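Chain naming follows the written order as A, B, C and D, and within any one chain the residues start at number 1.
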Amino acid sequence: MALLETKKLGINFDGLVALEDVDFAAEEGKITAVIGPNGAGKTTFFNLVAGFYTPTEGSVHFGGKDITRLKAYQRAEIGIARTFQNINLFKDMSVMDNALVGLHSRAKSNVVSSMLRTPAQRREEKALREEVMSYLEFMGLADCAQEKAGSLSYGMQKNLEIVRALALRPKVLLLDEPASGLNTQDLDELSGRITNIRDRGITVVLIEHKMDVVMSISDRIAVLNVGRKIADGTPEEVRSSREVIEAYLGKEDE
Amino acid sequence: MQILQQLIQGLSLGSIYGLVALGYVLIYQAWGVLNFAQGEVCAIGAFSLLVLHAELGMPVYAAMPVAVLVSMLVGYVIEFLSFRPLENANGTTRLIATIGVSICVRNILRMIFGADYFSFPTIFGDTPFQVGELILVPQNLWNTAIGFALVALLNLFLKKTRIGKSMRATAQDKEAARLMGINVRASLTGTFVIASALGAIAGMLIAPVYLFNFNIGATIGTKGYAAAVLGGLDFASGAMTGGIILGIAECLAVVFGSSEYQSAIAYIVLFLVLILKPSEIMSKKKKVEKV
Amino acid sequence: MTFGKIYEKTRIWILLIIAAILPFAVTNNYWLHILNIGGIFAICTLSLNLLTGCTGLFSVGHIAFYGIGSYTAAVLSVKCGVPFLIAVPCAGIMALIFGLVLGMPALRLKGLYLAISTLAFGEIAYRVFLNWESVTNGTRGILGIQAPVFFGINFRSYNTYYYIVLIFLVMTVVLTRNLIYSRTGRALLAIRESEIAAQALGVNTVGYKIIAFAASSFFAGIAGALYAYEVHMIAPESFVSTESITVLAMMVVGGIGSISGSIAGAFVLTMIPEVLRSTGDIRLVLYGAAIVAIVIFAPRGLGGALEWLDHLLMGNHKKKVREEE
Amino acid sequence: MKKKVLCVMLTLVMTASMLAGCSGSSDSASADTIKVGVVGPFSGSSAMVGDTERKGVELAANQINEAGGINGRQIELIEEDDEQDPTTAVSAINKLVSSDNVVAAIGTVNSSCTLAMMDVTESSQIPLVTPISSGTAITDPENNYIVRIQASDELQAGAITEYAVNDLGYTRIAVMYQNDDFGTGGMEVVVNTLEEAGLEPVAVEAFDSNATDLSAQLLTIRDQDPEAIIMWTMYAAGATIAMQAQQLGIEADLMGGGGLTNAQLYELGGEATVGILNTQTFFADADQASEEAAAFITAYEEAYGETPDSNAAMAYDSMMVLAEGLEAAGDELNPDDIMAGMKAVENMPLATGTITIDENGDANRDILIIRLCEGGTYELVK
C-alpha cells in the first residue's frame, strides 16, 4: 500500500512551469529514490510534498488521506519529516537543542508549565533529552552535544539534519541529497545508515545524484526531467530505459 | 475647492518627505539597514547653508554646493566611524549604532547652534500667487519639481552610469560584486556619501519653508523613514510615492478627522498599508519565499 | 572543590545577597531611584529580549505595552481604588491583550516592515495616551498614585520600594529563563534561526509568534505598572517612541538573546546619562557616542563579556564553546 | 582575544563609575554657599525655553551675589537637564535633593515634569519655585512647598478672550493650540470663557508641538472665516502660524498668551507677525515698562546680548522671590521658614509686575495686553 502518493501534482510560478502532472507513490517501509538532472524539479517536488508550496494542480495523499490543504507544520506533526538540500540548521543553538526542536510536536508542556518548571515538565524534558541522545549516538554526534551547531564540520552538520528529522519520529523521511559534499569515509557510512533507518520502519524518499548510492539501496526509482515524470520502476528497469539515458546524456544525433 | 488646496499642500509636504526618504532608500539598498541618522544629515545640510549664506555672506547659489559638500564629508565620517566597523554585524546592532550617531550629531548641533529657531530667506521666493481659488507658494512648487527631478536623476544615475550599476550590484550581493572586480568598499561608501548629498539637498529645500532648530533632524527624519518604508524601500520613485501618500494623508486627516490626531494619522496610514497590502506596494519579486 | 566549582554553585546566591543589602550600602535617594528605574527597565528589556532577542521579531514600539501597563495600573489605583497586588497583574494582562492585537496583523510582516509597523503602533499608542481625555486625563497625566501598603509597611520611600522592584525582577528573570530553556523557548529560538526549518519540524510558527508577542507584552505591562508606583504620577511624555529605541539599545548593548546581558544593558544605559550629569552640555553627545562604542567594541554585548568572565571564573575555560572570533 | 579583554574592561569601568557615583554625596550645605537647584529642558524640542529659564535665574543670582549674597552667603546654582521627560526630571531633582543637598529648587518648564518633581520636593520638604509651568493642577492646596511665578492659564487665557469679545466685539473666534499640557490648558479656558459669553468657537484645531507644517489646520480655519484666531503656543510656532496664515490669505486678528512674547517672534515671522495681540505680565519694551522691568531688560541685554522674553523674566523673578524666602529663613534655612518668607511677599515690584504670593503659592498680578507693531516694538493696549 502506498504510504505517500501524489496525483497529477503540478505547480507554476507566474507562468514558469516547475512541475507538471506528476504521479508518484512511495511504498511503506521501502526506499524510493527521485532522480533527474539539475533543474528537473526534484526539490520543488519535495517542497510541494512537505507543504512549503501550494500546488496549482493535483493533490498529495498520506496514508490514504488528502493532505494538500495541510500547512507544513501540520504535515510534520502527522509524520512527514524532511532535510534540506543546503543545510538549514539553527546555527546559534547547541546540537542537543537542534535535535530537541524535532521532538517539539511530540511534547506537551505549554507556556505556563514551562515558566513554572512543573514536575511534569521537568520529567518530560529529561525523557526528551534521553531520546535525543539515542539519536545522536546513532549518527555519531553524541560527544559534541553541547557544541554550537554552526561550529560543526560539514559532514557532521549533514548528519545533524538527519538526526533532527528522526527526532520527529516520522513515518516518512524525505532526504534531499544527503550524500552531496560528504567525504568518502562518511559516504560509506551513509548507505548503511539509510538502510538502517528503513529497517526501523521509516519509509524513505531520497533525492540523490550519486548513482552508486541510489542504485544500491533503492527499492524503486522515479525519474524527473524538466518537471515531468519520465520513468518509474526498479533500479534495473530505470538503468536500461532509453528516456532516462537521453535525459542525462542527451540524444544521439541521428 | 478646499480639498484641492489641501491636496496641493499635501503634495508639497509629501515631496519634502519623499526627498528625505530618498536618502533612507539608498542606504537601505546598499547597507540593508535604515539609517536613523539620515534626518541629522538633512539638518547639517540646512545649518551649513545657513552658516555659509547668512553668516559668511556667500550668495545662495554658491553656498548650496558647498553645503552639499560639507554634508557629504560629514556623511563620510559617520560611515567611517559607525558603519564600516559594523559592516557584518547583524541588522539590529547596526540600527542601534545609527541611533547612537543621531543622538550624538543632534546634540553637537545643539551645542553649536543652541536651541533657538532659525528662519531662512527663501531661495525661490515665497510671495504666494493666486490661480483661481488656489493659493500657490513658489517655494513649495519648486520643492515638488526638484523632488521629482532628483528621483529621475537618481534612477538615471543608477541605471545608466558605470558607478551607478556597480552600486546596485553591491546592493544586491556583496560577494558576487567583489568577484566581478567591483571595489565594494568604494561603492558602499559612495552610496552613503550620495545619500548624504540627497539628505543635504532635502534639508536645504526644507529650511526656507519652515523654521528649524537643531531638532529638525528628528522631526523630518521620522516622517522620512515612514515614507521610505511606505514606498517599499526598493526603488527611488517608491520613496517619492510613499512621501506623497504620507503628506496627503496628513493634510486630509485634518479636513476629515480631528486635528489632534493629525500626526497620528501618518502612522495609522503606515500601519494599515503595511498590514493590508504588504506584497503589492512592497517589492514584487519576494512573492514566493524561496525554500 | 576547586574555586571554579564553589563559584559555580554560589554565584547566584552571592548576586542575590549583594542585591538584598544594596539599599543599606547606598543610602543616597538619588542612586536608589536610579537603581529602581534600572530594575524596572531591566524587566522591560527582558520582555523585549523574549520578542526580539529570542524570536527575532524586531519590535521598535515596545514602550506602547509599557505605557499601557502604566496607564492601566494608574487608572485602576487612582480612579477605581484597586490595590497594588491586583492592579499590577491586571496591567500585565491588559498589555498582553494589546500584544495579541498587535501580534495578529503583524505576523505577515518580516524584519524591517514588522519593525516599522510596531513603531507606528507605538506612535499611535502615545497619541491615544495624549488625547483620550476621559480615561488618561490626556496631557495632564494621572496624579496621586498611592504607594503600595501591605504587611504594615508603606512602600513609598525608594529604599523600601527597591525590594518590590527586586522581587519582580527576580521573578521575571526566573520565568523568562525557564521559558527560554524549555520546549516553548526552543521553538522561539528556532523561529529566529530559521522559520522554514522550524515549520519543517512541526513548530506552528504563527502560533508561537503570537505567544512571543503575548508573553513579552505581559512583562512589559508589569514593568510599566511598577514605574507608575515608583514615580506616583504618569504623563504621556514618558512613553514617546524614543523610549522604545532606548529599550532596544539596552537589549543590543546587553547582548541580543542573553538574559544577563539584558539586565546589564538596562542598568548601564540607565546609569550612563546619570554618571555623565557632571559633564553638563555634552552629556547626550557622550551618551550617543557610548552607545556606538559599546556596540562596536562589545560585538556580543555586555552579556557576552559577562558570560566570558563567568566561564573564566568557573575554570572550565578549556572545554567551553569554541569562540568563532 | 583582544576584543574580549576590552569589553570586560568596559563593563568593569561602568560598574566602578556607578559605585563611585553612589558614594559621592557631598556634605550638607557648607557654610559659605547656599545651594539652589535649577531644573529645565536644556535638550529636546523645548530646549529654547530651558535656555531662557537658565539665563533668567543666573542673571538674578549674579545680581544677588554681587550685592553681598543672602545674609552674607553666596548663592551657588546647580543646573540639571530634565530632557522634557518626567522620568529624567525625577532623577534630576533627586540628584539635587539627595546628592547635592540643595536648600531649594527652581524648575521646570513642562507642567508634567514639574508635577513629577513636586512629588519628590514635597516628600523631602524642599521648596520648589516653578517659573514657567502654567498647568492649573500645580498649585493644589495639599502641597505646601510650591510657589508658581507664571500667571496661570485661567488668568491669561481668560483675559485675552474677554479682550477679544468685550473690547474688540468679535463673535467669530477660532482657537489653535499646541497639543500638550501647556496648549490644552489654555484652549480649555478660552473655550469655557467663550461659552460663558454665549459664544461658540468657530473652529478648534490642535497641532503637534514640534509640527512644522500648519497649513492644513489653517485651511480648515480659513473656511470658517473667523474674525480672530486665538493661538495658545510658543513664539516659534506662533511665527509659523503668522507666516502660513498670511500665505493662505487669512486676515483674521492673531492673539495668544504670554508664550508668544519674544524678540524672535518678529525676527522669525517678520511682517506677518505685526498686529499680534497677547496677554503679558512682562513688558518687553524698556522705555514703556516699570523701572524694575526696564532695569531687568537692560541688565539682560548686557549679559546675553539679546532682549529677554517673558520666560526669562519669570525665571528672574522666581530667583528674586526665592531670595526673599531665603533671606527671611536666616542661617538654618529650614524649609518652612523659606516658604513662609516667600508667601509673605506683598506687592513686590519685579520684572513681571508687582507680585503678591497667595497662600496657594500663586503669584497674582495684573495682566497687560500688548500689541506687536512695526519693527518688533510692542505697545501697551490695555
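Everything that follows uses one rule, which is that a residue touches a chain if its C-beta (ideal position, glycine included) is under 8 Å from a C-beta of that chain, and two chains touch if they have at least 3 such contacts.
All of these numbers come straight from a predicted model, not from anything done at the bench.
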* Quick one: most central chain, C-alpha centroids? -> C
* Asked: Is the number of contacting C-beta pairs greater for A-C or for C-D?
  -> C-D
* To do: Between chain A and chain D, tell me the centre distance in angstrom, where each centre is the average of that chain's C-alpha atoms.
  => 71
* Asked: Between chain A and chain C, what is the gap in Å from one C-alpha centre to the other?
  -> 41
* Structure fact -> Note: chain D sits from chain B at a C-alpha centroid distance in Å of 35
* **Junction residues of chain D - those touching two or more other chains** => 42-43, 179
* Asked: Taking each residue of chain A in turn, which ones touch at least two of the other chains?
  -> 52, 84
* Asked: If you look at chain C, which of its residues touch at least two other chains?
  -> 130-131, 196, 281, 283-284, 299
* Could you pull out which chain C residues touch chain D in their complex? => 25-26, 28-31, 33-34, 37, 130-131, 138-141, 143, 156, 227, 231-238, 240, 264, 267-268, 271-275, 277, 280-281, 283-284, 294, 297-299, 302, 304-306, 308-309, 323, 325
* Hey, which residues of chain D end up touching chain C in the complex? -> 1, 3-4, 6-8, 10-11, 14, 17-18, 21-23, 25, 42-43, 79-81, 83-88, 90-92, 94-95, 97-99, 110-113, 115-116, 119, 123-124, 135, 137, 179-181, 183-185
* **Parts of chain D lying in touch with chain B, wherever the complex brings them together** => 42-45, 47-48, 50-51, 179, 205-208, 210-213, 215-217, 219-220, 222-223, 236, 239-240, 247-249, 264, 267-270
* To do: Sort out for me which residues of chain B touch chain D in the complex.
  => 2, 5-6, 9-10, 13, 107, 110, 114-119, 126, 128, 130, 135, 137, 206, 209-216, 218-220, 250-251, 253-255, 258-260, 262-263
* Asked: Touching chain B in the complex: which residues of chain C?
  -> 52, 58, 105-106, 108-109, 111-113, 115-117, 119-121, 123-124, 127-128, 130-131, 196, 241, 245, 248-249, 252-253, 256, 281-285, 287-292, 295-296, 299
